[in-house]
Amino acid sequence: MHLLTRRFSFSSSHRLQSIAMDANGNTCAYGLCENIHGHNYRLEVTVSGAVDPATGFFCNVMDLSAIVRETVVDPCDHRYLNDLPMFQGVVTTMENLASRIWQVIEEPLSARGMRLVEVLVGETDEHWVRLRRPPAADGL
Amino acid sequence: MHLLTRRFSFSSSHRLQSIAMDANGNTCAYGLCENIHGHNYRLEVTVSGAVDPATGFFCNVMDLSAIVRETVVDPCDHRYLNDLPMFQGVVTTMENLASRIWQVIEEPLSARGMRLVEVLVGETDEHWVRLRRPPAADGL
Amino acid sequence: MHLLTRRFSFSSSHRLQSIAMDANGNTCAYGLCENIHGHNYRLEVTVSGAVDPATGFFCNVMDLSAIVRETVVDPCDHRYLNDLPMFQGVVTTMENLASRIWQVIEEPLSARGMRLVEVLVGETDEHWVRLRRPPAADGL
Amino acid sequence: MHLLTRRFSFSSSHRLQSIAMDANGNTCAYGLCENIHGHNYRLEVTVSGAVDPATGFFCNVMDLSAIVRETVVDPCDHRYLNDLPMFQGVVTTMENLASRIWQVIEEPLSARGMRLVEVLVGETDEHWVRLRRPPAADGL
Amino acid sequence: MHLLTRRFSFSSSHRLQSIAMDANGNTCAYGLCENIHGHNYRLEVTVSGAVDPATGFFCNVMDLSAIVRETVVDPCDHRYLNDLPMFQGVVTTMENLASRIWQVIEEPLSARGMRLVEVLVGETDEHWVRLRRPPAADGL
Amino acid sequence: MHLLTRRFSFSSSHRLQSIAMDANGNTCAYGLCENIHGHNYRLEVTVSGAVDPATGFFCNVMDLSAIVRETVVDPCDHRYLNDLPMFQGVVTTMENLASRIWQVIEEPLSARGMRLVEVLVGETDEHWVRLRRPPAADGL
């Protein structure tokens, strides 16, 4: 069983602001992150699978790239994330970005035989979040 | 003659939009960069000087850091650059950021004995701009 | 379930020398590492948790940073690690640094609702050690 | 239980071409990768073990390095991978490189008390494959 | 006067072999580099110019990218460099790659108002070559 | 005219302490850097020359590497820099390291036909010093 990872980047703006909290609560929770600011986001998508003996890979990294570009990178790059349909209803934290990106890419990846096992979203090289599927019964 | 460089980072949003052009001109010149987006900006400041034999350095890197943090990094970090006083009247391209940052830091650096020779501003690890002082008569 | 990672760095000196071995044993085990030398240590701390729907994150990365800075980075940075109270009684290998750092940060992180799942200590970009909590029954 | 990782690099050429497919199949599966091209391959080897209280490490990173250099890096560096004995019978995808490298290094590492838990092979900084041993019953 | 730099990468194979030397001479000069091997080449192109007040940049990084992609990156990526028309008659050292790439891109860049001042070609992150235009009379 | 750069690393300890100042002066100038601490030093050596048409390079990067390893990297790696003969009489700042390394490598490089044009010494990825030869009359 192999894991394949592909790394992407997109340059976007966002702000952290929650309708579930008042002004004081937002300031207290988010500090400077309540301002509209931006990042070169790092996105790493990891899938697992069994190698096809004919080709020697279990998924073509080009297929993985095409799916993630079309559904995530192109809609997010050079945009204000808070305005995007895919992030409506949630604060644009790394945790929520990872969850929504998982929802968006899991099915098209699965349709091409790739089992999504991890989505990593990083705002900088100093901090990042990973959303990870629990190991399957077969131990992966 | 030595050159000392210190690297900084700030996470900001901006958009490229020029009042000198109409809507078509802006779209044509800037494309997606006309949207509000963001970067983890890379800023590298290089100064030259002669080593003080007593201390073994010609400027304390802490002095350089303090000046640049106070005048550039703190005002820019987690902000929308187009709204900042220091970038009024110019489009927030890398070229213009470098020029304005130069204007802001040259004098305080000089007051501490550091001759500013280069300001590098990068939006990503793939592209950046350097503003550089012509070599002095002494060949630096 | 999300994993949040924060990366730190500290510039310290150390030497590998064990009182459990004689001079020959130390030379044989550690070679050049028996000399006092140094590194820009890389430290990555990973915690897990459940996202708070109000804020959109399960812990504020600022809280995590503050705890690790106060208990590890500030005491270690620009110091000789072998002299520090937190590393008494052990050889300052990456393995032992990871274990002691785990002991120091686990409780304060837990008190803020963060479950420590991995400590990574690297001496260079070419080699590092990770201390990892076994996956919990819920599969994390 | 600790994990130790050591990173290596080798500069090699390869091409993706499968005898299990005809010309059209190869072109369709591999595209430009069917041409002889090359990479600075990234190889990361991770082993697990219990720390020896006398030395403070569970394996000397020098032992790990020597084994991987002798069996993998030296035979592969500055070579055409498709011609090497260790990759005969397989297409030189990252997946197959990882599998063969695992077979080559597992026993010598084990003979020195290191349990191999992961082999990472990356063609670029943007995509890589990991072959990972399922967690042991003790939860590692 | 500003300098703009754009970074590119291409994954290619090559070998160092000179018709000006016999077999012994080649082995002596190139060692392992005489074998067909490969790299993820790093290419950095730097141009200079004066900022257009209307747009705030002196050349659009997209124009620079398009020119270099079309004339260098696309023809070189996933190819055996020794077979390419643009490198006929020279040994594919970093020095010669830089010279030929300079010849290929200087005119189209100039036609778009960009003065080429440096081409950097690196085989790895540990060694690289720069071909640089002497500073102009105006001191750049 | 080409510039060739080779990057090296060494892991060493040092402290900043000047006999030209009293205790207060040292504390004031160096702060925490007066403690014995350490770094993974970055060293980049740049030489210039004219390409030999027979070989296609003007100096073999292997020659450059061998000289710098023998005279600088091996004596410094895993050592306490303040104790080394090559740094006696100076405070071990980046500025002074660069000057002494220049003195040590310039002649052996010159004897192999390489003109030393820059020595870069960095304590971290965030700050570094460059010692640079003034451009020659031929404009390099």
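Labels A, B, C, D, E and F are assigned to the chains in the order they are written; within every chain, residues are numbered from 1.
Keep in mind that, in the parts below, a residue touches a chain if its C-beta (ideal position, glycine included) is under 8 Å from a C-beta of that chain, and two chains touch if they have at least 3 such contacts.
None of the values given here were measured: they were computed from a predicted structure.
The set of chains in contact with chain A as well as chain C comprises D. The fewest steps needed to get from chain B to chain F, moving only between touching chains, is 1. Looking at the partners of chain A and chain E together, the chains they share are B, D.
Homomeric contact chain E/chain F: same residue numbering on both sides for under half of the interface positions. With centres computed as the average of Cα coordinates, no chain lies farther from chain C than E. Relative to the C-alpha centre of chain F, the farthest chain centre belongs to A. Distance between chain centres (mean CA atoms), chain B to chain D: 42 Å.
Between the CA-based centres of chain B and chain C the separation comes to 35 Å, rounded to the whole angstrom.
With centres set at the average Cα position, the gap from chain C to chain F is 31 Å.
In chain E, the residues touching two or more other chains are 125, 135. If you check each pair of chains against the touch rule, the ones that pass are A-B, A-C, A-D, B-E, B-F, C-D, C-F, D-E, E-F. Within the complex formed with chain E, the residues of chain B that make contact are 16, 18, 20-21, 29-31, 90-96, 98-99, 125-132, 134-135.
Residues 9, 11-14, 32-33, 35-40, 77-80, 123-125 of chain E are the ones that touch chain D when the two sit in their complex. Per the touch definition, chain E reaches chain B in the complex via residues 1-7, 51, 53-58, 60-62, 135, 138-140.
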